[in-house]
Structures are given as C-alpha cells and as structure tokens.
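Before anything else, here's the structure in question.
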Amino acid sequence: MNIHEYQAKEIFRKHGIPIPPGEIAITAEEAESIAMSYGGTVVVKAQVHAGGRGKAGGVKLAKTPEEAKKVARDILKLKIKDLPVQKVLVTPAADIATEAYAGIIVDRASKKAVFMVSPAGGIDIEEVAAKTPDKILRHAVDPRYGLQGFEAMQLGFFLYKDVKQARAAAKILQQLYAAFVASGASLAEINPLVTTPTGEVIALDAKMVVDDNELDRLPEIAALRDESSEERSEVAAREANLTFIKLDGNVGCVVNGAGLAMATMDLVKYYGGEPANFLDIGGSSNPEKVVNALRIITSDPNVKAILFNIFGGITRTDDVANGIVTAIKENPLKVPLVIRLTGTNEEIALKILTENGLSAMTDMDEAVKKAVALATGSKVA
Amino acid sequence: MNIHEYQAKEIFRKHGIPIPPGEIAITAEEAESIAMSYGGTVVVKAQVHAGGRGKAGGVKLAKTPEEAKKVARDILKLKIKDLPVQKVLVTPAADIATEAYAGIIVDRASKKAVFMVSPAGGIDIEEVAAKTPDKILRHAVDPRYGLQGFEAMQLGFFLYKDVKQARAAAKILQQLYAAFVASGASLAEINPLVTTPTGEVIALDAKMVVDDNELDRLPEIAALRDESSEERSEVAAREANLTFIKLDGNVGCVVNGAGLAMATMDLVKYYGGEPANFLDIGGSSNPEKVVNALRIITSDPNVKAILFNIFGGITRTDDVANGIVTAIKENPLKVPLVIRLTGTNEEIALKILTENGLSAMTDMDEAVKKAVALATGSKVA
Amino acid sequence: MSIFVDKNTRLLVQGITGRDGSFHAKQMIEYGTQVVGGVTPGKGGQKFEEKVPIFNTVAEAVKQTGANATVIYVPPMFAADAMMEAADARIPFIVCITEGVPVLDMTRVYLYVREKGSRLLGPNCPGLISPGESKVGIIPGRICTPGPIGLVSRSGTLTYEVVYQMTRAKMGQTTCVGIGGDPINGTNFIDCLEAFEKDAKTTAVVMIGEIGGTDEQDAAKFVKEKMTKPVVGFIAGQTAPPGRRMGHAGAIISGSAGTAAEKMQAFEENGVGVAKRPIDVVDLLKRAMR
Amino acid sequence: MSIFVDKNTRLLVQGITGRDGSFHAKQMIEYGTQVVGGVTPGKGGQKFEEKVPIFNTVAEAVKQTGANATVIYVPPMFAADAMMEAADARIPFIVCITEGVPVLDMTRVYLYVREKGSRLLGPNCPGLISPGESKVGIIPGRICTPGPIGLVSRSGTLTYEVVYQMTRAKMGQTTCVGIGGDPINGTNFIDCLEAFEKDAKTTAVVMIGEIGGTDEQDAAKFVKEKMTKPVVGFIAGQTAPPGRRMGHAGAIISGSAGTAAEKMQAFEENGVGVAKRPIDVVDLLKRAMR
C-alpha cells in the first residue's frame, strides 16, 4: 500500500526524524492561507502515489501567499501518471547546502531489510545506481539485532565527513529503521536528506510503501489508505477480495491462481490478443467472487471478450459455473464469453453451464485462441 | 537497585499486565482513607527492600477502614531485616482461586534472561525449587528474538490447563519480558500470579531489581531509587562513587579493586579478626575518594582499627597517601591505622606518609596481622 | 525415490482443526500420507477424525509422535510463530501453506529456521507431493502420477496445469515442489535442483518461474555449472506491467529488473530449455530425455 | 609461547583519544606492544602520539592496518556497540576493559561475537599480558616476568598481588589473563585452561576465582577430566555476605549458591590445589611443579 508524503512525514516525525513543518491543502485558497501562516517562501507539493512529481510539474516554489494560491491551483488540476492530484502539501522552503539520499527496502537476495545511502541525493536513486554506483553504499540489516550504532555511523560517514553531521545522519537512519519496522513497510525513503547552511541534517521528503500483509495488525497504518487516489476498479476488486490489475487490452481474464493468471495473459498475447487485466479469484471457490469479478471486468469498455480459465484443485469448478450463471442472469453480457474449466467437479460444472445455455472447453490453449479470435474479430483457427 | 512493589506494579501496568489498583500511605490515617475509598476488605503491605515480608508481619488483611488504620500503624512501626518500614501499599483484597509464580532473572550459565514459572506460587520459589523441582519450568530467552508467542504458550500451558488462562498467562509473560528489558532489570517477578474464581489471570504482587549499570541511560528508572530505605553509609558511599558494603566486624578496610578487597577481608578473618566492611576505592586514584572512604568508615562505632591495602597499578599510591594525610588532618583518627602500599610511586607515597608522622608496610599479610592485633587488642605476632 | 518427502514422512498438521487445515488433513490422509498428529492450542487430548491425536504444542506433538515433518495452515498473523515453533521443536522439514505472511516476519523466520537446522518450504506455497508416496500440502493428488520427472515451481494452479499435461503425456513425477510466490521463502529453486540432481530416480527437471527477483537466473547458472540432468523451464508474466504485484507478493518487476524476458534469456544462455507456452514443457521434456 | 597474544599481535585501541584509552595506549606502546591503530569517530586521519594512525571506524582501521586484535576503552553505554563493531570487522580477538556494561547488552553481544567467530575477553577486565611479548589492557608490565606459569583470574588488583608474589619468587608467566568480574563475559576459565593446556611452554596454571556463579566449579571439573598440567587456585570472598554484589557485578552469592566454600570444595575434589591465602599460591606452585 502506498501512503502519501505527508503521511510518511508524520510517521517519521513520531520516530524523531527532524522534518520541517507542513500542512495539507485541498483547495488553492487553503494553500494560500497556509503559506501566509508560515510567511516567506513555501514549496507546494502534489500528494499523489506516483514518482517523478517534480518533472511532471507537481512541485513548485512560491515566494508569496498569492503565488502559493496560483501554483496550488495549477497542481490541483494535474494528472500525474494518470492519477489526479487531490491534495497538496505546503511547507516552508528550506535553505539547502547539500542533498543526500537514504532509503530502506526489503531485499529478496539477502532476505533482509537493506539500507541504501548516497551523498548524491535529490535525484532518482536508480539513476545514481546506474551512472555512479560507487556513490551508493548498501547495508543489509540483521533483523535480530536491528541497525546497530556502529553500522549507522558507517553509513553516516559515507554521507558526511563532518562527525557531527555523520552522527546526526546515523541517528536519523536508526529512527528511519524503527519507523520502517513499526509501520510494516517494504520501502522507506528520504530523498533528499539535506544539510542546511548552518550544518543541521533534516529530511525534506518522505516516502513509504507498506506491506499489504501487515495491515491486519496495524490498523492505524491501514487507516492511512487514500482510496480516492487509486484506480476505481482496483479498489472495488480489493473490497471483493480479488487481486485485480487493470491493463489496456481487449480480452478480460478471470483465472484462479496468480501464476496461471499470468500464464493466461501471456498466452492471450501469444495468440495475438492483448489481456485487459490480471485477475486472480484465489483458491476459495465462492460464487460471489465470480459475480464480482465479472462486474469489474465488464465495467471496462475496452473488453471485447471474456475468458475464464479455471483449474479446479481447491477451487470447485461447479462453484465457478454457478457464479457465472448467477452473474449473467443479473447482468446479461454484451461481449462474448469463453469458459475453460477442468478439475474438481468438472462434470457438475459442465452440466450447470449447459443447462443455462453456456458451453465450456477443457483445453487452455484452445480456449485462449477462441477468446482472442472473438475479441479481435479474426477467425478461429 | 531495588525498587518497591508499588513502583514495579506501576511499570508492569504500563506494559499491560492486569494488576488490581493500589495506593501508597505513609501514615495510618492515609491507609484508613484509602481503604475507605475502596470499600470492602483491603491488604496493607509494607514497602521495603526485603523478602519475607509476610512472615515478618508486614502484610495484613483489614476488613474495615478502622482495621486498615490499625494494621498500617503496626506495620509502619516494623523493621524488616533491619530496614524500617516507611510506606505501605493499600490494595483491595482479591478473591483467589489458584496461585502461581512467574519470574525472570539474568542467568549467567546460559548467558540469557531465563523465565521460571511454577503453578506452585505464593511461596518462596527457592523453596519450591528445593522441594518440588518438577513444579518449575525454566526457559532461556534468546535476546535476538525475544520471548516468542509459542514459547510463552508453552509456559502458559505449564501453568494452566485451560487454554484461555494459558493464553492470558502467555500474554502476561510477554508483557513481563517487555517490562524487564525496557527497565534494564536483572530480576522481575510476579508472586503470586493468581486466577480469580471467574477465571481471570492477574498479578497480585510485583518485584523488580534493576541493573545499576542501566541507570545512566534510564533516568526515569533511576528516579525510582528510594534512599530513605537504604543503609545510610551505603548511600553516602555511592554518592562518593565508592563501592561499600557494611558488615559487623571491627577492622575497617580500604582497598583498591574488588577482588583484592574481598581477599583482604578474608585475610582479616584468617588472622582472627572480623572485617567491618567491603570497600573498593576503584582504579582511579583521586585523593578525595580516600577522604570520603575514611569518613564513612570512621562513622561506624564498631571499627577498632583501619587497614589500607593498596596495590598501585593504575592507582597511584602517592595519591592515596595524600588522601590519607588530608583526611587525618581534617578529622584526626580515634582508632589505629595500618597502611600497606606497594606499586606505582611507592617511594613518593612512603615519603609523604613519613613526613606526616605515618608509616607504611609493603607486605599484605603482615599488614593484616597487625591491623587484627590492634583491633582485637591481642599482641602482634 | 523422491526428494524431501516419501513413505517414511511422519507428518504433523499445525492448525488441524481450522477450516483449511482440517480439509487438507483429510485429503492428505486419503492420499496415504502418514499424518501422525495435529496441533491446535486448547484441543490437546482430542482426536481429529477419531484417529489423529491433537496436541497443544508442537514440542509435545513431536515428543509423542516422532514426527519428522509438519505442514502449517494457520492465519497469516500467526504463521511466523508457527514456523518458529516447528523449528524450535527440531522438526527437520517444515511446509508453510499460509498466504499473506508479512515479509518482515520472514526476515526473522528465515534466520531462525536456519539456526535451528530445519528446512522450510514456503510460505505461500502449495506444498509438495511425491506421487504414490506422500502428499504434503494442497496439490491435488489425482493430477500426479509416479515417474522420473522432478518439478519445482513458484506457482500453484499453473503447476497443476503443467503436471496435468505431463501426466496426460505419461510423464510421471518423482516429486512436485511448490516453493511459493513470496519474496522471502525458505527453499529456493537451487535447493530443489540440487536435491533432484542427487535423487537417483529423477532423470529430468521442470522449473516453473515467474517475474520478480533473480532466483531463476541464479538457478539457470546452477544448472549449467552443477547439473548433469536436463532441465526445462517456463516463466509466467511476459505481459506483466512493471511495478505491480501480480497476485504473488514476490511477482513484481522492480525498475527494469526481474522481467520474464531476462529470465528466459538466462535459461537459454545456460542450457535450460525454454517453453513458450505451458504445454510446450511436455515436448521439451520429450526432446531432452531422448 | 603464550596464549591469545604474542609478538605478532597487531593491536587497535578503540577509544584511543579518551582519558583511559590514551593513558594505556602509551603504556602498551612503551611495553612493546604493536599498537597499529586507534579508533575515535571524527578523528580519522589524525595521529596518536605522532605515530599511531587514528580512524573513524573499526572497519576502516582493520582494512588499513591489518590489525588482529583490539582493546576497548569506551564509556559503558557505548561498549556493547564497540565490541560488536570489532566483531563485525572480523577482528579475531577483542578485549573490553570497560566496567559497567549493562548485563542485558552482554546477552546480545555474547551471541553476536560468537556468530562472527571472534573471541571476546571481558568486559570489566584488566586485559592480559604475555610477559616480554605483548601487553593488552591495563595489567602493570613491571610486575610480570617471562616464565612457565599460566594465570587466569576474575580479578584485577588481586591478580597483580599474586603475580607480584610469583615474580618475586622467580616464577615467571607465559600469559596472565584477567577474564573480568561481570556475570556474562566472553571468555571463561575453561577457555583459558584449554589454551594453557595446549600451550607448549606453560607447565602449570594458577586460577583465581571469586564468589558468584559456577565457573570455578565447571573449571575444576575440566581440570580433572581434560588437563595434564597442575592447576592451583584461590577464591576471594570467603567472608562475603550472601545477596550483596561485592564490587564486581558478578561477585554475588545467590541464595546459597556461588559461595567461596563450595568453590574451594570443588577445587579440592578435582585435584586443584587450594590456596588459603594469596601468598600460598607460590608454595602450592612450587610443590605442584616438583
């Protein structure tokens, strides 16, 4: 789950990381009055779950409250990577001497949380990694001991020669690690971590991604979810307990199991179609899920054909058949439907479908070919 | 450092352990009014740094506020193991179904914090260990992982057959471990841990000993020290940065180093005397420390002779000699003094002492023999 | 022969009285797996299906039954504790089916299990099956048949699809292992390839990967450097967009790393036959085993 | 010969610019110890006494100097971190002089150092000296002389007293090791006895214990079961009251356990000569070595 910069900053602040103040505005007028209360130059920053905000015009300086109002109005009209900006963060502009980078991610190779720090901050860290890899220091944290003082100091000295700044950075990194663990994060980032002309070390930006699997035990983190900034169909899918990712193709896919769902999409492409989505109805065979899945897929006007690919194991194919029948009775389909079923209770499923004027296939490749042909209007081979 | 029951209870409560309410009284009248506010039967418990309070008459039931006043008055007059009772804890009496024991200590053999739990609670756990060792389950906690849920459940099931009570106990044990670690404790104990007739599991008593070495980084724990309940000479010694333990003998000992101090005491005994104290002036050779050491020792009327035993390594013997001279000038001694010095700057030290009318020996055994003879009035061999 | 589980596997089921645990315990017993005990705190002393003794703790269960493997069906927030309990009880082989275990839990569990000397399979995996010998987890028994092929996969139903095609083509399996779709898991491709290489009865291996991470690339190198037996593979997720988790927590392309294309290339470069479609695995195997 | 440190010991001093660190660094250099570097964060690049390079981190110091031992003089609240930093930098021998390290810190440090494969001596110890070869810590060099006796002790000045008597009696030492007075320390009696048993030049060993714990009892058993060389011992604290910490954090009789009497009995029962007074060690040694 993504959270906004202002939310991540609040979490970082609670763990002691020095961060300048800031307030959220949802209108240009609010931005103006916040800017007025701070006095001096402010930064207005789009709060949206997308990287590259700066390049997209989502981060602007404003020298006066009037200017803050104007830039806030502009930013609030933006769409960044398809996501509309609905909130801006207004924060006093800081005097910056140097910009560094500090982040943590969960690393699958080392099976640990890994710090990455770089004295080259303020820009995309992947760019730094590609161009000047020696400017990045990586450090895997042993979860049994946490980030030790001496480890934090090694990272601190990589960022700053001055011992006071190295110590300040070390402290911030330990606080960042504490925030990361306490929030069940899979990523936590400060970019840039800056020094001021008077030598202080402070965090100017904050980013955090939370492991969805943690949300059940961290209700206060789960409450940070901002559904208004997510794709609507994906919100609906999550509420229906489905894993759904919208794509741009024309063949809607309903599959049980993530691996099979990906393989089905790949096969759609292989046979000349384009998948309209990733959708995993999961292991449990609840007819309700099938109904919800069809509702979400049919709401996409690009979808020209729908393909079910169900390999019954735990999933009972008769449950899926019942779900399809129910859904179609409620909302007759406007696009053709191809069903592939095999496995647990296959015979019962076929009977249910036939009795309701539907048919099903058992071979995956054949089913995909047919769905692609129907979607693209070409002939079935 | 010992802390009182009521202080330990406050810490345990903060970590979520269920503990009945309670308030502190320093007069019988206060105890009465607390009892009145609770209504019903209360328990009045001496708050003193000594075990065996119950046997010493320091814990009493009172059915009415008047009775609470009476027993509080009695208890506030008590001395338990030489320590005067200055506070009582007044707490509503609980209905008890069963009594168990739960404690943690730092164990030197396993080099870990070790839990001990027993369904035979309410009595001295060393007695249980001696008589029915199979009624105790020990469990060493890996500090890298803390007390895991399953480990806590194993301990919980050892205490209770009922799964709800086992779970409640497991939760309490995890909270107890958290309190133990957060407080820098070397011992934390609930005795008894009781079940009520309705099946709840609650802690009726609380004991905690804090590692002195933790106090510098835990100011809020350090603030719990109750100097009024400690031996006065030991408080003075601590303030002077000396390690001092009062004993009942007649030869006062001033030594540098804990091992040598013990060996000196042993030698006093070996030659027929009794050491009046353990006193380690430590490694640094500050004359001020010697002055303070002499002040503390001479305040004990039992001391009939004073023995210095200094092996100069880091400790400079001339510093010690200067300290002795200064102290004696300020407060002339009323008892004989034997000085043994050897090591760093020995010649200078001897010169200082001689110039001030004092003498010194270099052999430890000879010095001890002489001090014992002077203290006991027997002839020097 | 087979890897990890066989006729001598004496299995515990942690969470045996839960919805999933009880369902699959029955299925495993029907298949012929020796289910020697179950664990559900508070139900110690009872019996599952009037046969299998239930215990309050894993330690007790191991002591009473001599179990040498365990399979875990407990809710995600308790799965880490269950894995560690099993490792602490010195069970040498631990299979965790549970999906949704927090990844930070797994950073601790991984080290703990390793310290205790156990092997962990999963979490978020379908388990494994040595056809005709023992089934541990949720892989449907009827789609498998004994034979000489080893199979290892990050996926569940996709594996079923491939195994089903193999069985229909009369290519039986020594063991089918689902290592699971999480970013941090106990057993990886290389662990399984190593075991299949050592297993006398296995003559060829199928490896089914997906986007995310570098496990398949590392495995491909291992095949080239250390294996004598032919290996063929399939990668799911050629059409997956970057930066999105495709159902499995570990199935994500980060930046430009972990794509299907790069994994398929690694396969090719290291002599692992690349199936373009799941069904192609069968033909590749036939060719490889000639 | 000697144990743990010798002429080839290349020593770092952590906290070399502090009050204690700088004082003892000078003493060690004077004695002839190869002090190859010091560590004080923020003073990297400077030199100690115009000779010894100072580094910001231990890792850097090890990389630049090839140090194979370190001695720690940092305040108690930073000592755990210093020990772990040294272990993380793979220094094989770590000596921590600092007194007052919280015991819960040591529960973690002990495991960490062991995982990294280093040996830790201390904390709260005087260090060790191999007379004529290398002195690491604070034991005064002039009271020692080379010879065939190994000495291991929980105490500081009491050790000096005994070594001084030995030196006066012309009984030189291979190595004198102070293991420290804390309840949890890195190296115990048995570790040292084992090393002395293996050391070709050591012909007899002195063991100086004190009240608290069971280290001396375990060591006595070890002497009986595993040692061929004679061992004599002294125990301090025969007059110590129960339940009180006698200066050293580890010197405490708990209930009725850890008394001097029980330790002396264990010595006697296992063939360790028992000195009643410190001075008796010399006579016992003479008799043992006849």
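General observations
Labels for the chains are A, B, C and D, by order of writing; each one numbers its residues from 1.
Here, a contact is a pair of C-beta atoms (placed from the backbone, for glycine too) under 8 Å apart; a residue touches a chain by one contact, two chains touch by 3 or more.
As the structure is a prediction and not an experimental result, all values here were calculated from the model.
Among the remaining chains, B is positioned farthest from chain C, on the basis of C-alpha centroids. Two chain pairs, A-C and A-D, are weighed by contacting C-beta pairs, with A-C ahead. Inter-chain spacing, taken between the CA centroids of chain B and chain D, is 28 Å.
Centre to centre, using the average C-alpha position, chain B and chain C are separated by 55 Å.
Multi-chain contact residues of chain D, defined as those touching 2 or more other chains: 108.
Residue positions 144-145 of chain A are each in touch with at least two other chains.
Contact topology of the protein chains: irregular, matching none of line, ring, star or complete.
Applying the touch definition to every pair of chains gives A-B, A-C, A-D, B-C, B-D. By the touch rule above, chain C contacts chain A in their complex via residues 76-77, 100-104, 106-108, 110-111, 138-140, 143, 153-161, 164, 181, 183-184, 208, 210-215, 234, 236-241, 244, 246-251, 255, 260, 276-279.
Chain B meets chain D in the complex at residues 106, 108-109, 111-113, 126, 142-144, 181, 184, 186, 211-214, 216-217, 243, 245, 247, 255-263, 265-270, 275, 278, 280, 283, 311, 313-315, 342-344, 364-365. Chain A makes touch with chain D in their complex at residues 145, 148-151, 153-154, 157, 163-164, 166-167.
Listed in rising order, the residues of chain C touching chain B in the complex are 41-42, 44, 56-59, 78, 81-82, 84-85, 88, 108, 112. Chain B meets chain A in the complex at residues 144-145.
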